[in-house]
């Protein structure tokens, strides 16, 4: 591997990519608080390392299924920020012309096969993407993302067993941010190491540091490779945290004293910047990672805001073939 | 313990109780083949040790949830054979006046809280029975029975986690007869030791000999006691086999050569009789275990057949309060 | 001793839950985020603190939530559980349709399932297709299940208590756009009514408009506009959909000779069809063909501008009445 | 090259599956016991042997079955999956209503979900309440889903092929009492029709009877009886319920001036209501109020004697027509 893949070059790229998501989400938050975006919005601030690390090992033909907390996954997968913001703003240029909104958009042309607003419901869909790959010669791997709380949903269980029984190339990525909406996951399970559940299905499961893009890249990379080579599914539990509410407006009364401070020390931007500084990377490079991202997001926001609203004339189309 | 609880006395009683179920089911088969009973019927011939052993440790206030393959569980729980047969024959004296039929009858007054014809659907109900017991002072334990195939159903997963998270006194009894309808369970899972799944939920799981009533009594007894004392749920996997088709009429093409012969050696009647003979119990006692059961079932069949058909006048009652 | 307080719809529901928990030790209250957080819409706020273990949070396991409530109800409890959005019923509808609905019937009344399922539904700006459906028709096609849709704060209180008191499984369909609306005078502590009934929002002779859910408010607004045009419309709101007040509805339609049904569910197969069908079966002579005002047969788009183009409001309801009047 | 063979309904469905698998490499066929055992009703017999891995058994995991089919369809496959009983949809309806139905709409047609879901439903002697429901109304209230109910062996072949060829998600609702009936002449190998259409079982001027599912056969029998009494009934069978042949049905009712709808689903909220509603909305003048023949609003009891008291047949259909004629 070259230095740019493993060393400070990779870290700088990761930092930029983390910033891209962070700034996109901050922009979304501003637009939501300002009333330009309406409705329920779920930000992934603090959880950016997962999408950044995981999407870097996916091939174009691979499939990615995310949740309502999916803006970051879409962006990391290559969906343009302007198209995402336009979607949330209900513009004609939104990825789905405003039909999907914040929580249910899809961009298959970028290998992003959709957010899903039903907890756990993406897992069965991912099985199908993997199954199709068995017949279409693409060698497709399906990456399926969901939260800690989703592990208690029947559909996720059925999907893990189904994938394992049939050796389907599915990588299950559980983003464990320790909360399901307003409820701590530890109160909803006896054993809160969710990766342990993989054994029930006879597949590999691993809990990893989900706030380090390099760790995520490495472990997801191995899982994707193993799945692609016929090893079947893998479950990865990415330990992470959202630094914001479940949705915009969440009063976050469930937080422990000092919790947000503790989380702030471990969040991806802080950690990457500290690591880069420890490696004596120039401050200007560190700043550039932010500024490049900021430039992109600002431009995207302008582009999205300038786009026309979605055309209500066409609203009845595409119900059927 | 007295000899009658542990020694040949208990074995003789178990043999009689196994025969009661066996002969009930043979009677049902005859009536079905003769056209007196109509519709789909699922026999538990070969699986009698489970209900015989498990029901012997339940208290009257405990709850029992079974499946469509539930005649044996109902009988072992104390539902009179005549009421079961009458139900299958559509008689007014059937446990549910013919409304439930073979696959969906319920007899709460005997602590039998119903068969269920939706795979896995009894597990959530059992949670509720256990939950109610937490508030009503009964110390109720809920015993929930389902098959190997049901382990892959979402509702069962949700129920195991729910019970474990809240320490609910539920004993999950998985009757692993190695087939789900016409499909071998081993082809539908990667790890076919289903008891291993308990660990995913942080609860105890054990695979046991499900064809020996004494083993079942012992292990279910411990599980019930632990649950009653606040230890939470347990999963027991009872290894057993049905000696007949999934339903009456099943051509059983999925059987391997020699399979039925092998199973016959291990079925409860054969094993209990051999053990009794090895313990030098007189043949007359062994025969009496059969004859007592046969006498009961024959009388029950006569009683059921003599009962009036269910009254169609009342068919619209009880939809609502 | 009845007292009157100013409460929002959500607060009124909270008051009903509190009263039920106080008066009936057999009531349990649970669901996702229902306990410690007090509900994502705040409806169960403070109840965990007051009632302890009888109020609790659950895993995201709708089958377990619903099924455990059915089971607990079979054993003498009166569980009140929440399905956060009606759309989420679809991962666990079995426990309602195949389980709860059958308990009483199959056991010939020896077992019952007096559970209450609170949910909320409907369109709201920005909600996606998976969070916008109105699915009352599914429950109304399931014999054995009772269904209501509170609209006022008083409803939110009264209907919920009636539901909890009912010995059948009841689905109480609230509406998230109403939870935090203006406070209204709510009479608390009075006798709990049996389920059923209707509310005549306005009497009139020109036409009968039957409506339920949040669209009731739009219907009243439409009726006011129409009144200024000289059309006196009878607005029958049916907070209880099962049992449905057929006698009253048919009598009104017979009187006015014109019928509009307005609901937020998709048109085809919505419960509006049942209302039109019963009126037709009753042989009531109409001055003009009846009309339905409903969401057209599509998935609901998230963008407010798109949704506004397909979700009916007062204008569409008024227009439907005007067309009826013009037609005969 | 079309050929004609004598096949049962189940065999005809088998022939359709075989042809689809032969002609379209993108077809996959799976479900519980569908592969090696050939289906619990024998409908997929021999196909695993012939087509290998494209035909397979699954765990008892309806969410995984349906969802994987939606996902595979999004990626160019044409999965044909089985839900063994329509009642079992209820553990996994989310994957139909919240997932499959939204794929095309939300993506503005860039993603599609051309899957076919085979199921079977209806009453049969001895079946319990959890195995007897007719739930077409649920799908017909779900925009984006197509629905058909084959009745003849030719239907079982034709409709299934049309469904597989359709670019929308289609639910094909078969009927287990028909699978092993008498063999009928079935024309195989002809062109695959687009979805939709109706079948006029009999023309007549006295009344229009609209019907679907197994009750069609009872309706034809009733019509024959009625013909002997001098009442010539027009029997419109609608094997396709979505799209529904509204124009033809409304035209027939306008001609005859009398309407009966017969279905095996529960009365309230059944799709019969939609037919009555559309006829009313169309302002068609009727000689007598329309009628529905349906299962009353109850759970279905298992005992054949009890079920027979509530499941309608030819007698009830004929009686409904006679009452219409008597009424005006």
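Every chain is named by a letter (A, B, C and D) in the order it is written, and numbering of its residues begins at 1.
We take it that a residue touches a chain if its C-beta (ideal position, glycine included) is under 8 Å from a C-beta of that chain, and two chains touch if they have at least 3 such contacts.
This structure is a prediction, so every number in the text was calculated from the model and none was measured.
J.: Taking each chain's centre as the mean of its Cα atoms, which chain lies farthest from subunit D?
T.: The most remote chain is A.
J.: As a quick test, compute the distance in whole Å between the mean CA positions of subunit B and subunit D.
T.: A distance of 36 Å separates the two centres.
J.: Please tell me the distance, in whole Å, between the geometric centres of subunit A and subunit D computed from their C-alpha atoms.
T.: Subunit A and subunit D have C-alpha centres separated by 41 Å.
J.: Just the number, please: Cα centre separation of subunit C and subunit D in whole Å.
T.: That pair's centroid distance is 31 Å.
J.: Send over the residues of subunit C in touch with two or more other chains.
T.: Touching at least two other chains: 58-59, 61-63, 87-88, 90-92, 94, 98, 102, 105-106, 128-130, 143-144, 297-299, 301.
J.: Find every residue in subunit A that makes contact with two or more other chains and list them.
T.: Only 97, 99-100, 104, 116, 118, 121, 152-155, 158, 161-162, 165, 187-189, 319 qualify.
J.: Drawing the touching chains as a network, do you get a line, a ring, a star, a complete graph or other?
T.: Graph shape here is complete: every pair of chains touches.
J.: Looking at the complex, which residues from subunit D come into contact with subunit B?
T.: Of all residues in subunit D, those touching subunit B are 32-33, 36-37, 40, 57-63, 87-88, 90-92, 124-131, 296-299, 301-306, 308-310.
J.: Given the complex with subunit C, which residues does subunit A contribute to the contact?
T.: 37-40, 90-91, 94, 97-104, 116-121, 149-150, 152-155, 180-183, 187-189, 253-254, 309-310, 312, 315-316, 319
J.: Tell me, which parts of subunit D touch subunit C in their complex?
T.: 63, 87, 90-94, 97-98, 101-102, 105-106, 128-130, 133, 137-138, 140-144, 265-266, 268-274, 276-277, 279-283, 286, 288-292, 297-299, 301, 327
J.: Of all residues in subunit A, which touch subunit B in the complex?
T.: 152-155, 157-158, 161-162, 164-165, 187-191, 196-197, 199-203, 232
J.: Looking at the complex, which residues from subunit B come into contact with subunit C?
T.: For this pair, the touching residues of subunit B are 63, 96-97, 99-100, 104-106, 108-109, 113-114, 116, 118, 121, 123-136, 140, 142, 154-155, 158-159, 161-162, 165-166, 317-321.
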